[in-house]
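Same chain, two partners: chain A is paired with chain B first, then with chain C.
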Partner chain A sequence: MKREGSPLKGVMTIALKEAADHMTSARMHLIMLLVLLTAAGAVYAAIDQIRATTSEDPFLFLKLFTVARQPLPSFASFMGFLLPLVAIALGFDGVNGEFGRRTMSRILAQPIYRDAVLFGKFLGGMLVIGIALLTLWLLMIGLGILLLGLPPSAGDMARSLAYLAATLIYTGVWLALALAFSTLIKAPATSALAALSVWLIFSIFWSMITPFVANVISPVDPFNPISVVNAFETQQALARISPATLYGEVAQMLLDPASRSVGPVFMSQMQGALVGAPLPTLQSILIVWPQISGLFAAMVLLFTGAYVFFQRQEVRA
Partner chain B sequence: MNTRTSMFWGALVACTLLSNAPAYAQTDAMKTSSVQPYGFWLTTPTPEFTANAGKKISIPLSVINDTEEPRRAEITLNGVPDGWTYALKGSGHEVAAAMVAPGDTGSLTLELTPPSGAKAKAYPLDIKAKYSGGTAELPLAVTISDAPEASATLVPELPALRGGVKTSFEYKMKLTNDGADDALFNLAADVPPGFQTTFKKGYGSEEITGIPVKAGQTADVTLQVKLDNSVPAGQYPIHVMTVAGDQHAAADLALQVTGSPKLDLTGPQQRLSGTAVAGKETSFTFKLDNSGSAPAKAVKLAATAPSGWKVSFDPAELPGLKPGDEQDVNVTIKPTEKAIAGDYMVTMNARAEGTSTSARFRTTVETSTMWGIVGLGVIGLAVIVLAMAVMRYGRR
Partner chain C sequence: MSTHVIEATGLTKRYGSSRAVDGIDLTVEEGEVLGMLGPNGAGKTTTILMLLGLTEASEGSIRILGKDPVREPLAVKRDVGYLPDAVGFYDNLSGRENLRYTARLGGMSAEEADRRIDDALQRVHLSHVGDHRVATYSRGMRQRLGLAELLMRDSRIAILDEPTSGLDPQSTTELLELIRGFAKDGMTVLVSSHLLDVVQSICNRVALFNKGRIGFVGTVAELAQNVADGAFHIEVGADGFDVGMLAEEIDGVSGVTADGDGFWKITASRDIRPDLAKGIVEKGGALKNLDAHRVTLGEAYNLFFREAGNEA
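Here is the complex of A and B:
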């Protein structure tokens, strides 16, 4: 029998309810507290460092995101490392938790299609992450104005907003991954562990693995300089499987106006170039656009996988 | 004492007419040849001279007292024609008598002004100095002449110079005051527009507008001429005049400007920056103009760009460009395919015979938007997959 109406009817109801649940949950409070504390620490250290070393910079505010002071990493690398954790915390028991609490059949007894449940869960998660990131971003700008005593320039604002959007997409990838695991795996603890292992592999171990794999695929011939370039390019291509690498490149490009390329640069390409001249914001975005669109596509495809699996699942358990 | 009154001889030998008989036999003066002459005299270095009518004549007078006591002398001037005015001056005041200490000499000045209508002839005058022991006399002869007074001359050392618009031309001139008086000469030069002139004394550095020259002496004056860049090539006259009272002198100088071309290369809308896309040709309209004073011949355009870039000019060569003319040059820049985004310097040169110019053009290379479209395609593909999944598995 052909069913009628929009499959997405009721998505917003579920999304808002999901967001409200997340907002009040102790899990979310704890993880956001962790993020806030580390972020505030990173920014505070960065401001100290900027005050001590920078006399003048047209993009002073962007330095808040990138400057690091030992032993703390910079704000941008903190975000790359911790935001997946937030997303996993929000999504790892999104579907199997409902089964575990035996509430899934109750939700599906409402006059909505099953599509709305997963879409709603994903959108609700994204809404919470969006609110959290916006708060964090405003906090950064506020701290910057307060402690640096300068208003941000238009270029600063444009670049940091683009960075905010890219960060949201990056977190969305991990949320989609966590949701996919929560539909695939019945036990919430197992799905959490699976998502966390993927996070650990891509965040920490991936950069150790890629040189070995690249060496196998395209070995370096010491007498052939082209093979060195090939090996480097293979390694970079492999590293870009990890969303953390893509996000790192996006952050570097958007937050440092003087950087021109994310790949290897030959001397001949630098001839006649004015090093240090800032790129227009749109040009920077255009350079990392493949990375951004890759992240977006990965988010959509992971969600599609979770969606297809969820739709085919037996829910009357 | 009478003997002493007739002792007028020494200083007046040259041309003075003495009314007293020369007292060669004066006994006390002749006792020993080394002894100073003894007496009281009135002398002047110029007892006979020629002057122009209507001008004040200054005659220096000396009153010599070689007696043993101070003497007061009443000085009178006789034989002054009607209409003439005169004044006797000593230390700035008008005086009628002089007092001279023994062995001393008093200085007085007789200022005599013949009226402008005075006839040209000789006028005898007689000055008397009456003192307690007698009278000293000094006859003067003033000849009024019609002949014009000797004036000043200005003689350039090198009256014709040649050079380009950037040259500093220096004319050295000798200014001679042939007049009877010291004078302050005002200096002026009549030049074509675009010329700046300064006067200097000799090799000095101070700029002057006038120079004092003593009577009969010569001063070195340097005229320095600088030109505006816009002065076209050609021959120019310079008229230098100098005036002091009614003395004036002039000199005609010539200056030949040899022109030189000067090229200027300006970017589109006066900007020296532009945007180009990697691997694609972008055209800019540059303007080449000749702001010099001579035509630029055989102008060639070339560029220095990063390796792999192609820069072409249309036209790449010009047979000539007249002064003040401008020519649009279409510059096509094609950054290499592999150029990464950012700013690059492209230096463009325009060369002609004897001149060249260069413009540094800041080219901002933008990345090709091809990858942006590919990225959008990837996103679109993912969304289509999702939509198809919704269509296939939706509404359960």
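Here is the complex of A and C:
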């Protein structure tokens, strides 16, 4: 028998309440302050560097996102590192927090389906992240115009908007992860730690581990040149398990119109190419489409896992 | 239309091999206040969750206002209000905002919600703190806020899980008074508790839960009668005379035990004090004490659970 009514009834109510809660929470204020400060620092350093080294560039604006001056990393790599932290801060106590406050059974006794609670929590988090990213993006553009004295070109805008969308999906992966941990683990502190460990592993240690593992899976034979390519491809495939790697590739491709590929390129493939000439925006998107789909799939997968587990969870616990 | 607002038959809930609820049959009439009594872990909360459709029953069927809570959960939850054990609210929001949130979840318009929230807060005596954050509320105030939510939603059935646990006597009385008011307005109320006196004062009927089963359903008077057999317990003290011998000759006596030092305890189906007194005085004994009482409800309740415990 089909169940009566829509499972999405109440989703927007819950999402808006969650968003309002996040917006007013001290936790969110602190972490956004951190992000804003680092972003501002990165942009300021980038502008200095651009002034010093670049004379002319058709995509000058995009350089704001990618140029780094030692010791600061670029804006894009800052985002790749810090946005997971924002998402985890928003999601780590999403479900177990409701149990802890003993509000879950009361909310579930309202005339809504259980589905609405998790959907609402995810949507509410995404709403806040979306607003934060949009603000950050506008700030970047504004700072760029003010300090570089140049309006962004249409190509700049198209590419940075695509980058913004990809960033939202990337952050969504971590929000889904944090929510999944918050349904699986009863204690909020434990679920926060679990999510943070995954974040640390993927953003810092993963790139150190993959060469070793790749070497074991496909060792390099000094007498067989193709084994070097194989080893490199294995390593890259392993590295791409980490959402941070995928996001890094997407950012590089979207923000640098001159880059052609995220994998190894042979000399023969470069024949006839105008080195340094920009690719059309759509072509760049096309190259990293697998990465974007991968991120999206990871988000959906993690959310589905959380959803299935949440639907079967005992309410009284 | 049937007046049974709740009908549960053969309700069973298994967790692995253990049965939290084991074949419960329960019917509740419209406008009735039913007390669900039993020690912790007797299956009261599990039964409640199954009635609400928050947990799926392993076996058995439930009809709430003619609907199946698993198949038509929204319709059932619209009519049934639930106040969980130690209810929680969002501490960072005010009492009024908490209610507004649930009103929106129920699909109420903002104006209507505000009107109803005002009325409900008034009724549970929380109007003056409605705009304070719930973090500042005492336990009793939270429970009353929970009742206000049921009032605001205009539930036809209210299910209250341990509403008075952890409250001081004055808050308990206040809360019970409010619940009594609900019933007067025609709301059907289910109250679970492990305390008899809580339930006794407001319930038409009680259901005794033990080890996942219902051992007894009926009015409080019936409980006293059934469990205690309406027997009289008589304590006699007499010097220089064996009351036991005498008592066994009197009609209606079912048990005599010597308490030592000239005291006896006698169980009888009627008040045999006149016969005893006459007998003792006639035989020349010195009557020191003659006390009779029927089993109180509390004793009956304890007796029930002791017996049920022994059987298992």
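One rule holds in what follows: the second predicted complex is superposed on the first by the 315 of 317 C-alpha atoms of A that agree within 3 Å, B and C clash if a C-alpha of one lies under 4 Å from a C-alpha of the other, contacts with A are read in each partner's own complex, and residues count from 1 in each chain.
Rule of thumb we're sticking to: a residue touches a chain if its C-beta (ideal position, glycine included) is under 8 Å from a C-beta of that chain, and two chains touch if they have at least 3 such contacts.
Because the structure is predicted, anything quoted here is derived from the model rather than measured.
Asks: Quick check on the superposed pair: does A:Pro280 touch chain B, chain C, both, or neither? Answer first, second, both or neither.
Replies: Touch partner of A:Pro280: chain B, not chain C.
Asks: Could you look at A:Gly272 and tell me whether it touches chain B, chain C, both or neither (first, second, both, neither)?
Replies: After superposition on chain A, A:Gly272 lies in contact with chain B alone.
Asks: Under the stated touch criterion, which partner chain does A:Trp289 make contact with: chain B (first), chain C (second), both, or neither?
Replies: Touch partner of A:Trp289: chain B, not chain C.
Asks: Which partner does A:Gly10 contact after superposing on A: first (chain B), second (chain C), both, neither?
Replies: second
Asks: Touch check for A:Asp115: first (chain B), second (chain C), both, or neither?
Replies: Only chain B; A:Asp115 stays clear of chain C.
Asks: Mind working out whether A:Phe303 is in touch with chain B, chain C, both or neither, as first, second, both or neither?
Replies: First partner only.
Asks: If we overlay the two complexes on their shared chain A, which of chain B and chain C does A:Ser105 touch? Say first, second, both or neither.
Replies: Second partner only, chain C.
Asks: Could you tell me if A:Arg240 is touching chain B, chain C, both of them or neither one (first, second, both, neither)?
Replies: neither
Asks: Have a look at where A:Ser261 lands relative to chain B and chain C in the superposition and call it first, second, both or neither.
Replies: Once the two structures are laid over each other on A, A:Ser261 reaches chain B alone.
Asks: Per the overlay, which chain contacts more chain A residues, chain B or chain C?
Replies: The larger set of chain A residues in touch belongs to B.
Asks: Considering each complex separately, which residues of chain A are in contact with chain B in the first and with chain C in the second?
Replies: 3, 5, 113
Asks: Name, in rising order, each residue of chain C that touches chain A in their complex.
Replies: Per the touch definition, chain C meets chain A at residues 45-46, 49, 52, 54-55, 71-75, 77-78, 80-84, 86-92, 101-102, 104-107, 146, 149.
Asks: Which of the residues in chain B come into contact with chain A in the complex?
Replies: Counting only chain B, the residues touching chain A are 305-309, 336, 338-346, 362, 364, 366-367, 369, 371-372, 374-376, 378-379, 381-383, 385-386, 389-390, 393-396.
Asks: Once bound in the complex, which stretches of chain A touch chain B?
Replies: 3, 5, 7, 113-115, 260-261, 265-266, 268-269, 271-274, 277, 279-280, 283, 286-287, 289-290, 292-294, 296-297, 300-301, 303-304, 307-308, 311-312
Asks: What part of chain A is in contact with chain C in the complex they form?
Replies: 1, 3-5, 9-10, 13-14, 17, 21, 24-25, 101-113, 314-316
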